[in-house]
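Have a look at the structure below, then the notes.
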Amino acid sequence: MTEETRGIGRLLLSPAVGLLFVWMIVPLAMTIYFSTLHYNLLNPGMEQFVGLDNYIYFLTDPAFLASLYNTLVLVGSVLVITIALGTLIALLLDQVVVGRSIVRLMVIAPFFVMPTVSALVWKNLLMHPVSGLLAYIAESVGLAPIDWFAEMPLLAVILIVAWQWLPFATLILLTALQSLDEEQKEAAEMDGASALSSFVYVTLPHLARPITVVILIETIFLLTVFAEIFVTTGGGPGLATTNIAFLIYSQALIQYDVGSASAGGMVAVVIANILAFFLVRIVGRNLEA
Amino acid sequence: MKHRLSALAGALSLFAAIPAFAQTTTLTIATVNNSDMIRMQGLTSAFTAKNPDIAVKWVTLEENVLRQRVTTDIATKGGQFDILTIGTYEVPIWAKQNWLVALDKLPAAYDVGDLLPKIRDAVSAGGKLYAAPFYGESSMMMYRTDLFQKAGLTMPEAPTWDFVVDAAKKLTDKTAGVYGICLRGKAGWGENMAFLTAMSNSFGARWFDEKWQPQFNTPEWKKTLTTYLDVMKAAGPPGASSNGFNENLALFNAGKCAMWIDATVAASMVTNPKDSKVADKVGFALAPNTGLGKNANWLWAWSLAIPAGSKKVDAAEKFIAWATSKDYTQLVAGKEGWANVPPGTRTSLYQNAEYQKAAPFAKLTLASIDSADPNHPTVKPVPYVGVQYAAIPEFQGLGTTVGQQFSAALAGTTTADAALAAAQSSTEREMKRAGYIK
Amino acid sequence: MARRVTPARLAINTVAAWIVGFLIFFPILWMVLASFKTELEAFAVPPSFLFFRWTLENYATVQSRSDYLLHAINSIAIAGGSTLIAMLIAIPAAWSMSFAPSKRTKDILLWMLSTKMMPPVGVLVPIYLLYRTFGMLDTLGGLILVLCLGNLPIVVWMLFTYFKEIPKDILEAARMDGATVGRELIYVLTPMAVPGIASTLLLNVILAWNEAFWTLNLSTSAAAPLTVFIASYSSPEGLFWAKLSAASTMAIAPILVLGWFSQRQLVRGLTFGAVK
């Protein structure tokens, strides 16, 4: 690679890096500043410097550990579901199928709907134990309907979020599959490889990088899921569906405690960074050339 | 390519904030998306016809989202809204902050004295009106007259909790999909806690004592919670722990609840044949009591207020005076019938014979509103105002946390005692941090 | 060069794909059906699939109550504008990181992603204050800015992934034929990356379209997109599911159109084998 190329490379990269840097640094600085204040939105003008008190308060909140656990479970489960199913569906849609464009649109459709609307549809029209469709189906076959949001609230939320993000994973993986060289696959077949080993040894390595990207992008979004929780369970019952984002939300917009919410936001950033560090350790090799 | 250009052109044209006519004042009104407000939105042309120099823009949002949006804006002096729709919870707090313009220059025809006294108290501070009530509500008992008749029971006008619990158990028929009682269970300070706080008032409990010490460790609160859990377990519908007002409304309208205690505004919804299967089979009574002098009902009013520092006070006052006036009530009655006028604010409405005829629930709504006193909500003395809340800024967070615990108890994932203990400790922690408890 | 597909294989694939597609699509179908029911029907048990009294009253209500067109235009401007600007910034950046990588490339990529780690609600007050100070509240420009910079890391990442798939030899061949970097970008890279660019465009337009936190908080009436339109039908006191379904169906419509038309671009692009 020539020096010229490298120079041009830096030039082309600078707008993106520059803009994001400013975008990051200004709110970040303000957030750090606010996190050291006792600043309640309903009592503005009464802020006082309290140092690390907000952090201590946030971290010693009995809800904190539970919300950390819920966050990790939520993110992990949705990742597993969307990537596993996404890969399978992408493989299916990569085949020749009659009316493939329509099916593709159907599979991507959940991503079109606003998360709050999806959550409301799932909660009231599908999962409601008295008048939801799932309850009706269960009763028709003689089973007792499940009270999703009372018995398995986190699972219910996971299902809703996974349904919303499945199209994202599927589309990225499907597009990546499109660039898989047909010849390689045919060569493997002619060498006598079975469909399964062709998948494992030819397709999967090719998908390694897209899967990594899906993992990283989805993790970033899933860590801050809260609209679905807000609309369905309000963080309950108890703390069963409170994740860190919801905890911060309840600080910021229910208690109007900006100081604590800012501290919580910083804590969330630290946790996300730790998580990313481990993720990159595990799958980061796939990002190389 | 083409649509991008036109979108860009459209975008550029919206960057420039040039008013079309220099004389027109535009009012941006933030309001809740409840049907009475939607109706008001639909009747805007009646206002603008009389006031051609005022244009009106609407922002309608769900209650919680609206509250956050409006609070963020007013606290940061964002100036995005000219008229706010706020509740009786916000009025005392915001008036104290001097965030609201006092509405003492309303025209005489507005007849401030006509406002129901309890409602007027709830939206005033220091004797001045800080928000004009648009509609007021309390809560009451709604029950199925046909089911009661079939079981040979009669609902008294002021039932006791014992009677209600007993009747609920008798009327439950799970195989037929009928549940004795439907009550709120969804976690939230304005959701299940509104109901449970009001219920606790009737059991003689209170949120805080005079020294702001939380009272969840008292026998009164224990009795409240165990009664609630007991009746919901025996006679409540499944999924109750995530049922709020709307879910219960849908259940009641579909004929699945024998009794429902909730907002008085529901009365017009359950008796509307278009939306309800049981429209002609509904009876009303006061919210239950235990003989201690307080019923399990609450008091709330959605009101229109003007943020302090607004440059459009005159225009805003004109609109507010119009929307909460007697004339407006007549307007709605003419267009959509008396049953649909905004309830619960004016004495004259409840003396109107036509209204009484069209709204069989009017008498009990008035009785409910009158029996809830925000300045003395509980049997024992308390340092706060508010019937189903304490009008302190911290209450939203406290109420939501406690609401989550009680919702968990209803879902069965925790016991009543554990929930009460958790409520006590979290509230204490928060009150200490906020400086109420020294 | 397509492999011969047996009719049996085709049939199995088709049936399987349609079943999967239908299952995934079902909740949306249910929502669209609900938009044609009365409020009472929408919540009724047993639920009716096709044989109910179809009505357009919900659409009529939504249409008369809110200004769909204004919100739709705002949504198109915001989602389209922010994504396109992000693409303009990101394509060169992604090119640079895939074809002229340095030691720092992976770090920069991860740093870009880290700008999205802060939950938006934690940074609401600072951003609101900033926007208030600069008079950007309730402006299309303000919303485009926040969504563009919010999605920029995602766009860069996705493009980076797809660019990495493109064999370097083709680009080098073009370079040896005397093309400059600029021409290489426009005439060689972009056509080959069309499926990748199309799917990045589609996904990010959708992300911006559905972004409900900043659009709700930073807009009031003039710049309010469809997310605000939908929010006004969500959870009032009273039955609302049929109306919300109608509003939501109206809100998805432009995206469905976009998705349908980008189908052609999403399919298999140029076959790389032919180059060899």
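Note that the chains are named A, B and C in the order they appear, and that numbering of residues resets to 1 at the start of each chain.
Criterion: a contact is a pair of C-beta atoms (placed from the backbone, for glycine too) under 8 Å apart; a residue touches a chain by one contact, two chains touch by 3 or more.
This is a predicted model, so every value here is computed, not measured.
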By Cα centroid distance, the chain farthest from chain A is B
The chain pair with the larger count of contacting C-beta pairs, comparing A-C against B-C, is A-C
How many angstrom between the C-alpha centroids of chain C and chain B?
37
Could you state the distance in Å from the CA-based centre of chain A to that of chain C?
15
Multi-partner residues of chain B (at least 2 other chains):
72, 76, 177, 250, 254
By the touch rule stated above, which residues of chain A touch at least two different other chains?
41, 124, 130-131, 253
For chain C, residues that touch 2 or more chains besides their own:
43-45, 124-125, 129, 231, 234-235
Residue numbers on chain B that touch chain A, as the complex places them
68, 71-72, 75-76, 93, 97, 177, 186-189, 191, 237-242, 247, 250-251, 254, 256, 393-394, 396-397, 400-401, 403-405, 407-408, 410-414, 422, 425-426, 430, 433
Chain B contact footprint on chain A (complex, rising order)
40-44, 57, 62-63, 123-124, 128-131, 145, 147, 149-151, 153, 232-240, 242, 250-251, 253-257
Can you check the complex and tell me which residues of chain A touch chain C?
1, 5-6, 8-10, 12-13, 15-17, 19-20, 23-24, 26-28, 30-31, 34, 41, 89, 92-93, 95-118, 120-122, 124-126, 130-131, 133, 135-136, 163, 166-168, 171-172, 174-176, 178-179, 181-183, 186, 209-210, 213, 216-217, 220-221, 223-224, 226-227, 231, 244-245, 248-249, 252-253, 258, 261-262, 264-266, 268-269, 272-273, 276, 280, 284, 287-289
Considering the complex alone, what residue numbers of chain C touch chain A?
1-3, 5, 9-10, 13-14, 16-18, 20-22, 24-25, 27-28, 30-31, 34, 42-47, 89-90, 92-93, 95-97, 99-102, 106, 108-110, 112-127, 129-130, 149, 152-154, 156-158, 160-162, 164-166, 181, 195-196, 199, 202-203, 206, 209-210, 212-213, 227, 230-231, 234-235, 241, 244-245, 248, 251-252, 255-256, 259-260, 263, 266-269, 271-273
Which of the residues in chain B come into contact with chain C in the complex?
3-4, 7-8, 10-11, 14-15, 28, 30, 32-35, 38, 41-42, 57-63, 65, 69, 72-73, 76-81, 177, 245-246, 249-250, 253-254, 263, 265-266, 269, 274-277
